Amino acid sequence: MAQRQAEMRQFNTVRWTIYILVALVVVLPYVLRLPLPLKFTPSRDVRKLYDRMDSLKPGSHVLLSLDYDAASQAELQPMSRALLEHCFKKGLIPIVMTHWQSGLGLDKQVIDEVANKAKEALGKEVKSGRDYVFLGFKPGYSNLVLNMGENLKGAFDKDYFGQSTGDMPALQGVTSLKDIDMGVDLAAGSDVGMWIAYGSDRFNFPLGAGTTAVQAPDMTPFLDSKQLVGLLGGLRGAADYETLLDMPDGGTTGMLAQSSTHVLVILLIVAANARLLLGRSARKRE
Amino acid sequence: MPEVEYPSGKKRQAIEMGVLALLAVLFLSVSLYVQNPFAKGADPAKAVGIIVAAGLTLVMYSFLYRDNALFKIAENLYVGVTLGYGAILTWRTALRPDVYMPFFEAPTRAAFMAAVLHRTVPIILGILLVTRISRKHGWLSRYAYAFLIGWGAGVAIPLTTHTFILQQLYSAIAPFQSAAQGATATAFSASWFWDVALPVFGAVLVLIGTIAVLFYFFFSVEHKGAPGMVSKLGVLFLMVSFGASFGYTVMGRVSLLIGRVQFLLFDWLKMPK
Amino acid sequence: MLRAWSLVAVIALPGATQAAPASHPVSAAASSAPASGAVISAPTVPDPASFKAMDKPSDDGSAMRVEWARPAREAEGIAYVVEIAESPNDFKSGKFKSKVVKPSPPDEGDLYRTDISPASDKFFPPPESPPLTAERLKELAAEKVITGGELARAQAIMESMQRAQSKPGDQSRPAAESKPGTQSSPGSASEPSAELPREDKDWFGRLREYVHNRDWLKSFATAENRALTDGQLSRALAALESEYRERNTAGDRAEQDWLHRLMAFLKEKDQSEQKDRIAAINSRTWYVRLAVMKGDKKFYVGEGGQPAIRSARAKANYFNWAKLNNLLFSLIFCAIVFAFIEVAKRRRNLFLRKIAGLEAVDEAIGRSTEMDRPVFFVHGLGGMGDLATIASVNILARVARRTAEHDSRVRVMNVDPIVTAVSQEVVQQAYTEAGRPDAYNPDDVSLVASDQFSYVAAVSGIMVREQPGAIFLLGSFYAESLLLAETGASTGAIQIAGTDAYTQLPFFITTCDYTLIGEELYAASAYLSREPRLLGSLRGQDVGKAFLMIVMIVGSLVLTVAAVFGANLDWLRRIFSAN
Amino acid sequence: MFLKRLTIPLIIVFVLGLLAFVQDYVPHPLAGEFREEMTSWSRIIGGFALFLGAYSLLHMHVTRIRRKTAGWGYSVFVFIGAAFMIVVGLHNEGLGPLQDIEGGTTWFDWGYDNIVVPCGGTIFSILAFFMASAAFRTFRARNLGAALLLIAAVIVMFGRVPISETVGQWVFGSSAVFPKLTDAIMDYPNLAAKRGIMLGISLGAISQSMRILFGIERSYLGGD
């Protein structure tokens, strides 16, 4: 029993020191205000999505499906903020919805935030129902997308605020997903595959995606087959988009701490495996 | 993060309680000082809200020390509030607009009849689904599952073939040189390497890798001898792609931590940005 | 195919003056007086035999197709014009619309093909509601719908709009250019010009919408469209007026709410009627002519001195031939899997390669029972419809069977109520089949939390408290996989993981003893249970993989070689294109 | 009783599944209307499924408290949290449950913003700590595969962070070296593996759907 206690105690001290190290590495860049000029060039896939959004003419409809909740807010909320800002800047009409009921509150927050900011920055009143539509959440997942593909106003007869979508100026000329000019799915889970199979492949509208960093590598086959017109991967994707919009926000300020923490994790992996290699060669020598 | 069992449980309990009390006092005083919710003009609900949010965040991080009572309370509170939030929203976004309003708030008789025509069957199936709760009548829910999963399976076949097989096959059989489309570079120059040689070599590599990985998931042939080699090559490709996923996942988790630190520093402690 | 080159009587008709309303933007500018002076040499015209009109195949009946062959010597700077009309004599009276088709580069084949949807707003859309005119305002004032003051203000605004529109250089867009919605909303094209005060603009927009909604509501109480009774109509008009006059007593607001629900319902009816109107227009017989346009003179493709007229009807088709490859692949693949399942029913020892992770399943359970520790089974977050969860339920059946035989406990923790119910039945069945129905404790198979992360904290807590000997992490996992795997590793238990969630496999591979990668999880339930339907489908899927491998290898090599030698084998690649 | 047996549900699955399969190939507007009707039915049933999920969890916590199983005290907080949100949601700033509120934060939003968001966001971020500790303790290059995994992970991790561009500038004179290396890893080996995996999974999904259609796979109905 005692040997197990000693092993436990040694195990915990290692664990806790690493935790403190991580905390320091994340907090210090903010506290010390390091003026390190972190220049970074936006990645190729982010530029593709940005250019496609920028090429839309004013009045085009952009479907934003914000399929995430608080758990992935840190990575995806900056993306939805940047995309909404881009829509209002170019006079596009964002149609916002979500398949994640637990993320509704966040979607409402980001829309209100960007709408108020747009009011000050662009000096024009941004009104729900005229400049944007917030459809909110409805159950059904892939069936909801198929339903929207045939009759968008049938699937969502009311928007999040209870206004009927039937005679909304913002939805004038849009009867189904076939009339959408561009779709972007911000997904924390595996929703992008669903949006491609049941949405853009079926009702052929161009689809871009923004995913948590965890999901980004799985999107490569869709980028290669042009089923996705562009991709924002993780907080870095958000920072790249903010740079292209030249509106630095949550993404950009996070890059310094991101760099320092990555270096720490890399050093930990290298240190641990170096110890392993030295240990093995030592044993070989005996 | 295994539970730490030290012999002197009682003594250790006392130390923990003491440290906890000290931390709580420190937390409250800092919060009240920084947020001062009762000052004139301050919005008390928002200020108290931020204090509660910061408190819950720090309690959640106590899980790093070990699984403790405060964490369990916060976790169960989180489960309960999410449950309540979900229940109200299920009513507001699904049951009310699709079940209650079309019948009880039908503007005209014609609207009511249209609702009866289009909504009675799904509502009956929905009620059947809910019978899954009771042991005795659970079998009724099979009819609702038959509808949901039957329709889902039928729709899935053509869509999966279209999106995940044919589309991928179409781009997988592209001629190798199309990877270097439109690249005009003098042979063997630096840009020739990056724009022509690498993409074409890459396209060949992708083909070999895809075949090797598909073969790793081939179960009708024993993976020995030549097939064994191909399968091992497949594993190497898998491992590199898992490495890429690993790297991106670390990036994702770190971003989440940065998001919470930004909340604690800028919103709670009101540090200037 | 030697195209019969017949001497075509080239009919140079003076450009037909355009009588149709000039509202559609595509029509070639009506040619004014015959070309001045210079005689334009007649360009060669497509062969009339190749000029055909037909229903567009594989579509929902909304379009017809016009085809013609590229003439032998296609002149420079020409464009093809397809003219469409409701009846042959409409062409004479000029009541037709046209579609310009630019010549395509020679290497894109010598058959021109263009689709025309007659009911689209470039051609003959269903009638839209007329814009607000001065007479209409006077009528409304007479009917006491608007007061004299409002009439005067509206007229003043309309005049200032006319003045602004007629100002030179102000290219106000043609009225009908807004998207084909039935209701012209205030924000649409015919916007009062800029220098009108914003307050007047808004007021006039609201007035126009009010009048438009009145007429729209009235259209539902006419003889042929009896959607509203007279009582409902007057109630609706009263509510509409109270909303326009912005009266908001409690009673008014309730009426206005009722009005909005009514309009939403009528809007839906209107939309389906609009669909029928469009379908009716599309399904009529339409007549087309083809001309080659050079400069602004048109040279019609003629037969026997007259411009050739073809006719066609758009029909809704029952099969989309573009999806033939999809249908064949799906049917053949499903048939192969079905056949192998039948084979597997008769031959249970169908060969299946060894799966390393599974060898350890029995060993892990054995070791765990020796140390007298429970076996943990974690389903992950998938629901019953999730493939990985169904596979893990199959494996659970086998694991529960083994723990029953070893007189040990399997503790199943999950987050989905339906999976819990199914697992309880599966474990209970396993214990009864092993002859120990009493040893089954329903609380061992429990739903421990509702949400992903409270689930992880609960499972980790139980792991640390009950120190299991073997942990199975099988099913679909998300971000919590590392937490579970690391806690499990720290308890020293043998861990076997398996998931088709590829984003979590890196953590299982680096922390668990054995990891079933993706499909191996499905193969595991087949390997364990030797169940014919699983064995058969695995073999069928292998045949599918073999087919894909062959197509990829042969396809890309053949296409690469073809591209090197310049042969155009694009049709081969298009066999697999999904559209 | 015949209705209890699986026969009718399996017939429904087969007929509806076949119609769902065929409608994808039929461009006729009738197929579109059939799809619209079926998907709206599924949507409505989906609302009841949400209700089912919430009920089963409450039921679980009730049994935990009734049976006083370990940690039952904490289950009380589930009800406190749920009760707070439901009462506040139904009270709905005095407008009653049937009204929607536009703009302004209600107590219902307060509960979401200050309890659900911080807890949900924090739990995931704990993983960053676990990953760092696991990086040191469990991520070992035991064999060639695991070594390749870790090497690729380190390159990708370094290439996707801005500091790699500054380091690239110092060491190789061009800031694009590491990002380009990461792109190469993503565009070639990663694409090959992910495409192979996706093709394999899709074949599995199609055969699974076929088995459901023909009633070969019926575990989701709960075997009797």
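First chain written, first letter: the chains are A, B, C and D, and each begins at residue 1.
Heads up, the rule we're going with is that contacts are C-beta pairs under 8 Å (C-beta built on N, C-alpha and C of every residue); 3 or more make two chains touch, one makes a residue touch a chain.
The structure presented is a predicted model; accordingly, all values stated were derived computationally and were not measured.
Contact with subunit B and subunit C alike is made by A, D. Chain centre most remote from that of subunit A: C (centre = mean of CA atoms).
Contact tally for A-C versus A-B: the pair with more C-beta pairs in contact is A-B.
Separation between the centroids of subunit C and subunit D, computed from CA atoms only, is 22 Å. Centroid to centroid, with C-alpha atoms defining each point, subunit A and subunit B lie 12 Å apart.
Subunit B and subunit D have centres, each the mean of its CA atoms, that are 5 Å apart. In subunit A, 11, 15, 19, 22, 71-74, 101-102, 105, 138-139, 143, 146, 151, 154, 157, 201, 213-214, 217-218, 221, 224, 233-234, 236, 258, 261-262, 265 are the positions where the chain touches two or more neighbouring chains simultaneously.
Residue positions of subunit B with contacts to 2 or more other chains are 1-2, 63-64, 72, 75-76, 78-79, 82-83, 85-86, 90, 94, 132, 138, 145, 148-149, 151-152, 155, 157-165, 167-170, 172, 207, 210-211, 214, 216-217, 238-239, 241-246, 248-251, 253-254, 256-257, 259-260.
Touching of two or more other chains is recorded for residues 261, 323, 326-327, 330, 333-334, 384-385, 417-418, 421, 449-450, 453, 457, 461, 465, 479, 490, 502-503, 506-507, 509-510, 518-519, 545, 548, 578 of subunit C. Taken as a contact graph, the chains are fully connected, with every chain touching every other chain.
On the side of subunit C, the complex with subunit B involves touching residues 227-228, 232, 258, 261-262, 265, 323, 325-327, 329-330, 333-334, 351-354, 384-385, 417-418, 421, 449-451, 453-454, 457-458, 460-461, 464-465, 479, 487, 490-491, 502-503, 505-507, 509-510, 517-520, 523, 538-539, 542, 545-546, 548-549, 551-553, 555-556, 559-560, 562-564, 573, 576-578.
Interface residues of subunit D, counted against subunit A in their complex, comprise 32-33, 35-36, 38-40, 42-43, 46-47, 49-50, 99-100, 102-103, 109, 112-113, 116-121, 123-125, 128-129, 131-133, 135-137, 139-141, 150, 153-154, 157-158, 160-163, 165-166, 175-176, 179, 183, 186-187, 190-191, 194-195, 198.
Within the complex formed with subunit D, the residues of subunit A that make contact are 14-15, 18-19, 21-23, 38-41, 43-44, 69-74, 101-102, 105-106, 108-109, 112, 128, 138-141, 143-144, 146-147, 150-151, 154-155, 160-162, 213, 217-218, 220-221, 224, 233-234, 236, 255-256, 258-266, 268-273, 276.
Residues 1-3, 63, 67, 71-72, 75-76, 78-79, 82-83, 101, 105-108, 110-111, 114, 132, 138, 145, 148-149, 152, 157-158, 161-163, 165-167, 169-170, 172-178, 207, 210-211, 214-223, 238-239, 242-243, 245-246, 249, 253 of subunit B touch subunit C in their complex. Of all residues in subunit A, only 11, 71, 130, 151, 153-154, 157, 164, 166-167, 169, 172-173, 175, 189, 201, 214-215, 217-218 touch subunit C in the complex they form.
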